[in-house]
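What follows is chain A paired twice: with chain B in the first complex and chain C in the second.
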Partner chain A sequence: MQLKKQSVRNALAVGAAAMMGATNSASALPAWDVETGVATYVEMGGRITVMELTGVAKTHISDDKTLKLKVSLDTVTGASPNGATATSKPQTFTSPSGNTPYDVKPGDIPLDPTFRDTRVGGSATWEQDISTMVKGNVGINAGSETDHLSIGVNGGLSLDMNNRNTTLFAGVSAEWDQVAPVGGVPHRMVTTGPGVVKTVDSQSDSFTVADALVGLTQTISRRMLTQINYSHSLSNGYLSNPYKVLSAVNGATGETIDYVFENRPGDRTKQSVFWRIKYSFDQDVLDLSYRYMWDSWTITSHTAELKYYWILSSGDRLEPFVRYYTQTAADFYMPSLVYADTLPQYASADARLAKFDATTVGILYSMKMDRKSEMGIRLEYYAQKGTDHPAEAIGIQKGYDLYPETSAFVAQLLWSF
Partner chain B sequence: MLINFFNRAMNIMLNFAKFLGLLLILIMAPSCAGLGVDPWDRDLLAQPAMKLDGNAAVAGLDEKMYYSKEASSGGKGFAGGGCGCN
Partner chain C sequence: MEKGPIRRPWRLEPREGYFLGLFDAMASPCQLLVETESHAQAQALLRTVAWEAWRIEAKFSRYRKESALARINASGGARLKVDEETARLLDFSSLMHDLSGGLFDITSGVLRRVWKFDGGDKLPKPGDMERILPLVGWSKVRWEAPFLVLPEGMELDLGGLGKEYAVDRALMLARQEADMAMLVNFGGDMAASGPRANGQPWIVGVEDPHGGAESIWTLKVSGGGLATSGDSRRFLLHNGKRYGHILDPRTGWPVEGAARAVTVADGSAARAGMMATLAILQGPGAEEFLKDQQVIHWVAR
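And now, the complex of A and B:
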């Protein structure tokens, strides 16, 4: 077992050394710390299923230089809400490709069953000591999907102060994303007519994301440390979802008359404050964090997370955790819009922009295999709860659920060595 | 669009500078209050469970799940998602 793990580490090291043009001398090869995970995410009700493989490898090239590589591969299949609301008559939609019509029964929330995607992502981060108290890091990341390409760069500096009890961190990142929706970018906020056949504006569009983050880590006592971050993020460009529509309904009866593809503002500024405390009870550790986020789409959110590291006598570890999340709606969110000659400039029925709460509970069991390696299994349950019968419901809509609830199970196997 | 992007990036940098100032003030407070420990008192702080960056495979999965299902992102790190899942 040990030999096998050593050979995997050496294989990784040889690969990295070859990339860097190093000599192929086994004695000069750096040791790697590797974390791997395979996960499955399954939404109830035949919705989305995700399979994900992740590998992260980190090595100290020398005393003051660290290289970290990450790769991930995931596949997504299943049905996803298309934004339209339930109505009293059967509904027919055309899939994004235009090839596969699908029907929805009266009273059901419309789900697009043709959703599938594969994503490959990777990143590399180089960290280096600049002086005794200052470290710098630079990184690149890229992700490719059937309908999306993302490329990003980032960099940061950290400064140790106050006898290394205080660390100040500042970083920036820039990301460029190209969106090439299946079947093209739809013409937004114009009625589509029966079957929801889109008029294509172009084959692709793009957006950019610029992020800045400053943070402070402070040792409070022998047992406790705290972290405070402020982050500022600006997205600009095509931020609409090309697969989401809204039902245009009769203003008196609530019956669906037509559909429009959604449109979101082309700018979004997000800010957040994040606070975390870690407290050690000799062996066990408590990890508590809180995030407040607010953005230019009038969404605000609170996120609280609690994790406990329970170290067992065998050296194994149990980590129960719970997370609570609540958000307000975007100012242009509406479950449906009233059919009229003049439609609003911005509107979306995407439930992720609605007001909702979400709870996560889970546990990780991690077994210590030897001094360096661990194997673990992690189980998690995630549930969202929105407003099924919002005040904006009209006529027959009052009798239907207008919020597509999400609940999902996650299972993840972990191996680090 | 590129010029617009860089103008906004400059705006972010300005905000960034403001918050650097704020954080420097925050640093002064704990220094004055005498927070922190001596190097020989770091035994508990050096435990693996006290590290701020936990298992990367776990963090990556959760971040992607929340980015795909919620309107918020970032906080612990950068907010950009690098995927078309939102």
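And now, the complex of A and C:
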């Protein structure tokens, strides 16, 4: 009888393999994992609104080589604080292009309403196994805005050790930036006179940024993982904001007399240390991280973040998080400066260089659609608070709010497939 | 319109040296064992495995009105074009029919209407078998891929190979995503990608498929598949004679002298499961058949 022959087993082996379908992935085109997102960031009080589209595509060229491509497109519109302080008289400013004057009522924090931009950015990263324990990556990135062009390169290595319980990693990157402000680069720290019309120094300027990072990921137990890293960053060149001014006020009354365009030091050294702990419960994961940053402009900052990956019984995921950030002021930050014959070499009234703290709370809900695709929605609220009435306020300034606070909502839809 | 799989709960638990993923599919408890340090990677692989199980269950379930199989069974004798995956399963079923000399037959599910193997004592009533047998027989089906003509009243049932197919498919997809030691176990039918990273076999506890009510088998699996055919709890007793649930589709009556259960280890879950099924269909010849085929096996009588 046919069944007595051992060939039944062979026939089954062939038939069962055919039943599994084509597994010949070598001839197939590489499959892409794609993540897309559309986000909107809206600052309260009619300030900045950002609409952003992002896309990330990743593919395995072969088992040990991965290519990752990223693109983003966003548009920025709205009004942004120009650095001048509120005062008791109406103020008139000239827009950066020089074409559109705008008026600010007494007592109001001056906002430049002409702020708009479209930004496109892209990057490509190639990751490859160099040996079973060593992985390497190289990448390029570029970004373009109306007034800004940047190009960067980066590379890194990681080394698995200690039965893959320890991973050491190191990376470097370099970036070249060309800044061509609308209406030209203003002459800095020289009074502009009424109307705040700038004297143009040149049409463009540039700066460079170099970064290095070393770190270590360590498995503490099956449930716990920790990561630490140290990074060092050097920026050099034109680091001032071409659109920000300072009010030059009467040293006795605090009344605004004139304005100057800000000036920042031509180099900045930033260092930071970062520490993260991830703890896995049976399904959920708790992620705690902390960063301490200090720089040569005397800014020091602390960032603490707590995130929880909550896996629901349906397999969907809920990720609530809270982040707290606090920083000290740059040594050349001042809400305004005193009108005098000799002005300081460096000064800025940019709120981002002031002492402030910021809290972000948010939640991501991510839903599986099928084996590969996922939809998510992220909601965030951001609140930034500085010193409204700093000790250095003079005369009438004591009656005004000198720090432009920011609160913003972020909503994002994500789709990965 | 075909509906997608139903999403159901799953669980992922860290264990000593690996992650254990748990979910239910095809009326069985299902497991994924995966050796990774990364919770996220284990989660992703568990998702792949569970979704594949649920997808196959939804597509080939007899019980779901929207399934691809239900559409075939409701075709009323019309000529249908089936999708590529269904075609592969039908080709394989056809091969099994040939290899078993007609004893493996995916049209024999309708015999369940006259047999109730629930431990009771009811034999089919006279005349039942004469009415039902004309609806059984793969040779009455016209299958020329991708076209199928299933005569009116006949039904296909892929339950005899669906679980083993799902195990192999789930493991194949998971292996395409990550190269690491894994074991997929759907209710005792299982397949492993290979030994664990330290070279040791996976150790799996399964309920003894051969009848010991309380006993648990401890299996060491270091690659390939392992599956069981037969169910020692499904039988009926009539006038002191035990009737097992393995039916001969040619007569409609239980195969005489069939083993209660046969477990086989072979290259994949489907290969192991089908070897076990072919063996049990041999009746008293199961042991001799398995010996001739030179596969690792366990037979319960």
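Heads up, the rule we're going with is that the second predicted complex is superposed on the first by the 390 of 417 C-alpha atoms of A that agree within 3 Å, B and C clash if a C-alpha of one lies under 4 Å from a C-alpha of the other, contacts with A are read in each partner's own complex, and residues count from 1 in each chain.
Please note the rule applied: a residue touches a chain if its C-beta (ideal position, glycine included) is under 8 Å from a C-beta of that chain, and two chains touch if they have at least 3 such contacts.
Predicted, not measured: the structure shown is a model, and the values here were computed from it.
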Touched partner set for A:V214, first chain B, second chain C, both or neither: first
First (chain B), second (chain C), both or neither touched by A:K368: second
Partner chain(s) touched by A:S80 [first = chain B, second = chain C, both, neither]: neither
Which superposed partner A:A358 touches (first chain B, second chain C, both, neither): first
Contacts of A:Q327 with chain B and chain C, given as first, second, both or neither: first
More chain A residues in contact [chain B versus chain C]: B
Partner chain(s) touched by A:D282 [first = chain B, second = chain C, both, neither]: both
First (chain B), second (chain C), both or neither touched by A:S313: second
Doubly contacted chain A residues - partners chain C and chain B: 164-165, 219, 222-223, 225, 280, 282-283, 285, 311
Contacting residues of chain A [partner chain B, same complex]: 35-37, 39, 41, 52, 54-56, 70, 72, 74, 76, 117, 119, 121, 141-143, 145, 147-148, 150, 152, 154, 161-166, 168, 170-175, 177, 179, 208-223, 225, 227-234, 236-237, 270, 272-274, 276, 278, 280, 282-285, 289, 291, 293, 295, 297, 299, 301, 303, 309, 311, 317, 325, 327, 330, 352-353, 358, 364, 376, 378, 382, 384, 406, 408, 410, 412, 414, 416
Residues of chain B that touch chain A when the two form their complex: 1, 4-5, 8-9, 11-13, 15-16, 19-20, 23-24, 26-27, 30-31, 35-39, 41-45, 47, 49-50, 52, 55-58, 60-61, 64-66, 69-86
Chain A to chain C touching residues, read off their complex: 1-6, 8-9, 11-13, 15-16, 18-21, 23, 25, 63, 164-165, 219, 222-223, 225, 280, 282-283, 285, 311, 313-315, 368, 370-371
Residue ranges of chain C in contact with chain A within the complex: 4-5, 7-16, 37, 39, 43, 47-48, 50-52, 55, 84-85, 88-89, 91-92, 95-96, 99-101, 165, 168-169, 172-173, 176, 179, 266-268, 270-271, 274-275, 278, 282, 288-289, 292-295
